[in-house]
């Protein structure tokens, strides 16, 4: 059974006014437990709206959201449960920090879950460790941290709820390459350590290729594609029509194939590219 | 969607009221409101009501919208009317159960009700036909003579403009912060008044912090564009009085004259 | 008259941090930027690139050394006004630089501050909005615009002031890919067509690649200064300071290390394909 699914999920903005527009329309997806899914699409394609339905922040106009088979809107209790079982981290999460100390801020979620002190303490420390924050950071005011540290503290705040499904909305937005790499590594490690399902929204086809098992492409409020990286990225023409592009390496190999080289074009990362070319040039790579 | 919020009640249109100079409108609105209280007889009040209806027609703002602006004050009107019925005495009277209703009381109540309604309609017409930006501009220019009393008119106007500019942005931000805290289990709907007020802290603190940072950055950006306060500043949009503005002034003067005449020649009712 | 519009002579600047430990943000920088150049400054967060930008228009004054803008010394308080008429700045946060309730009023803000006559302001505002392709949005409220549109309005605001030079401090950091392309295209066109000198701070190498000249900063020093081709061929160095190179450059770099004979200055997909085809054909 998939850990989270949607059935005919639809949401309208400005309902009943002349400005009514479908933010998402008839979305049907199934996410299996333990998957790492990348969500891609233009601004306005419905990404943010979709993920805000998964933890019950937004209520569907039509359709259902199922968490472990149950409709999250069944009762007040089930919504509350969804809130904590599906952890949503918004864009620029550092702007939500407010407590006196980083420790207290990370503890905010677990506290709202009404856990006892020891359990909260354990979770805060575990989350802090995941994001690479040390004891001295925990005692500081969140406003005294650097930009990158603030972001990691905010992510820790969501991780501390130990959700079954962790969703991150553009976790690398506004970060420089070093910061971005750090966050992506963090996501990878978190998932392999906890076995949680992770969804993350990104604008970068390159970032996603290296990391995820499945890719969900949204276009014009609907699901355009949902499959493995190979399945999605090989549809170059379609992606281009949507104004999305495949990674540079993929384009390079497509170009080589067009020029007549009998070369594998299922290449999505630089490392894959290198291996394939070494094989092709007969240099016998260390596979 | 939050993004669709428009500040004030501006109703886009191209009527003559929309096109009047904002300063004239501001001054005349004030004048008409005063004139409303000058009416003492049925006929002068009748002229006033006719004038107001004329303005509504000319503005081309739908009647439904005007009625919407009256909704919030229905209670006040009724309350004031009732108060006046029982506390103003004079002329013939009628006894209903323990209440004594007098002629003067009835008329005063009626006049009060009509006055309040006229007042609200006239001020609503101002905001329906003038954008908040133009209003702030008009206010700045009208108050600029106060500079001689060392009042920083420009600075006050600049603050008002910045407030108008950022209200929608701040509303969006509050929405974002609330969603983020909700996602961590914040709850403003259940619990005692105390706990719900405490639950505002995770929203207010990030809001204040980001607002201070915003103000800091904004100040820099303004200085980088050579902002030095009101000294030596020109304006792209010049406010010029046209023929129609003088016509409006004349109309208001005629209204006042008419009302005074009607007050003199017809019995004062209240 | 010097053809250098921006001149840094041995400039140092340190921020005072809370713990009173002085971390130099910019160390002994000497730099000359000629009129009409498009210079990109690359660096990771904390490399000093934003500080560099703020030193060009007297937001920050050098601790040591001098910054001259068209010959004017930024440390002279009396010249700040004139300096800011020469160097206009676009900031990272699109919202926190727009002051008016409608687009055209915001673009007019700069000229109004300069005391330009009303009719002329109107002309300049309309021209500027047309240059950034936002003329149809002139009566719109800013909060209804996308990030890319807001930044173009900010750029129009600087254009209307007719500054000779435009400094953009990470203007696309908070934008989506579409917005980034909008801004980059606009700035490049203004540089080519109107000869405005551009100093463009960024950490995106796909933007730096389009400049005439690229400076790479690390720890307050300029460690590389040259054409995009020259700079991006230094793959090791760039990666060691926490920056990216285009995937095409990186692929060729790795293959060269494996012994494949490829040029060192491959910058994009086309060049990479060409180079690889040459090798394949033997």
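Note that the chains are named A, B and C in the order they appear, and that numbering of residues resets to 1 at the start of each chain.
In the analysis below, a contact is a pair of C-beta atoms (placed from the backbone, for glycine too) under 8 Å apart; a residue touches a chain by one contact, two chains touch by 3 or more.
Treat the numbers as computed from the prediction; the structure is a model and nothing was measured.
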{"item": "Chain-level touch network, classified as line, ring, star, complete or other", "value": "complete"}
{"item": "Chain whose average C-alpha position is farthest from chain A's own", "value": "B"}
{"item": "Whole-Å gap between the CA centroids of chain A and chain B", "value": "47"}
{"item": "Intercentroid distance (Cα basis), chain C paired with chain B, Å", "value": "45"}
{"item": "Chain A and chain C: spacing of chain centres that average the CA atoms, whole Å", "value": "30"}
{"item": "Residues of chain A touching at least two other chains", "value": "none"}
{"item": "Of chain B, residues touching chain A in the complex", "value": "1, 4, 176-177, 179-187, 201-202, 205-206, 209-210"}
{"item": "Chain C contact footprint on chain A (complex, rising order)", "value": "42-43, 144, 147-148, 173-179, 203, 206, 243, 247-249, 251-252, 255-256, 259, 261, 270, 273-274, 277-278, 280-281, 283, 285"}
{"item": "Contact set on chain C toward chain B in their complex", "value": "57, 59, 81, 84-85, 88-89, 91, 93, 95-102, 104-105, 108-118, 121-122, 125, 141-144, 157-158, 161"}
{"item": "List of chain B residues in touch with chain C within their complex", "value": "3, 6, 131-133, 161-162, 164-165, 168-169, 172, 214, 217-218, 220-228, 232-238"}
{"item": "Residue ranges of chain C in contact with chain A within the complex", "value": "18, 44-45, 146, 173-174, 176-179, 203, 242-244, 246-248, 250-251, 254-255, 258-260, 268-270, 272-273, 276-277, 279-280"}
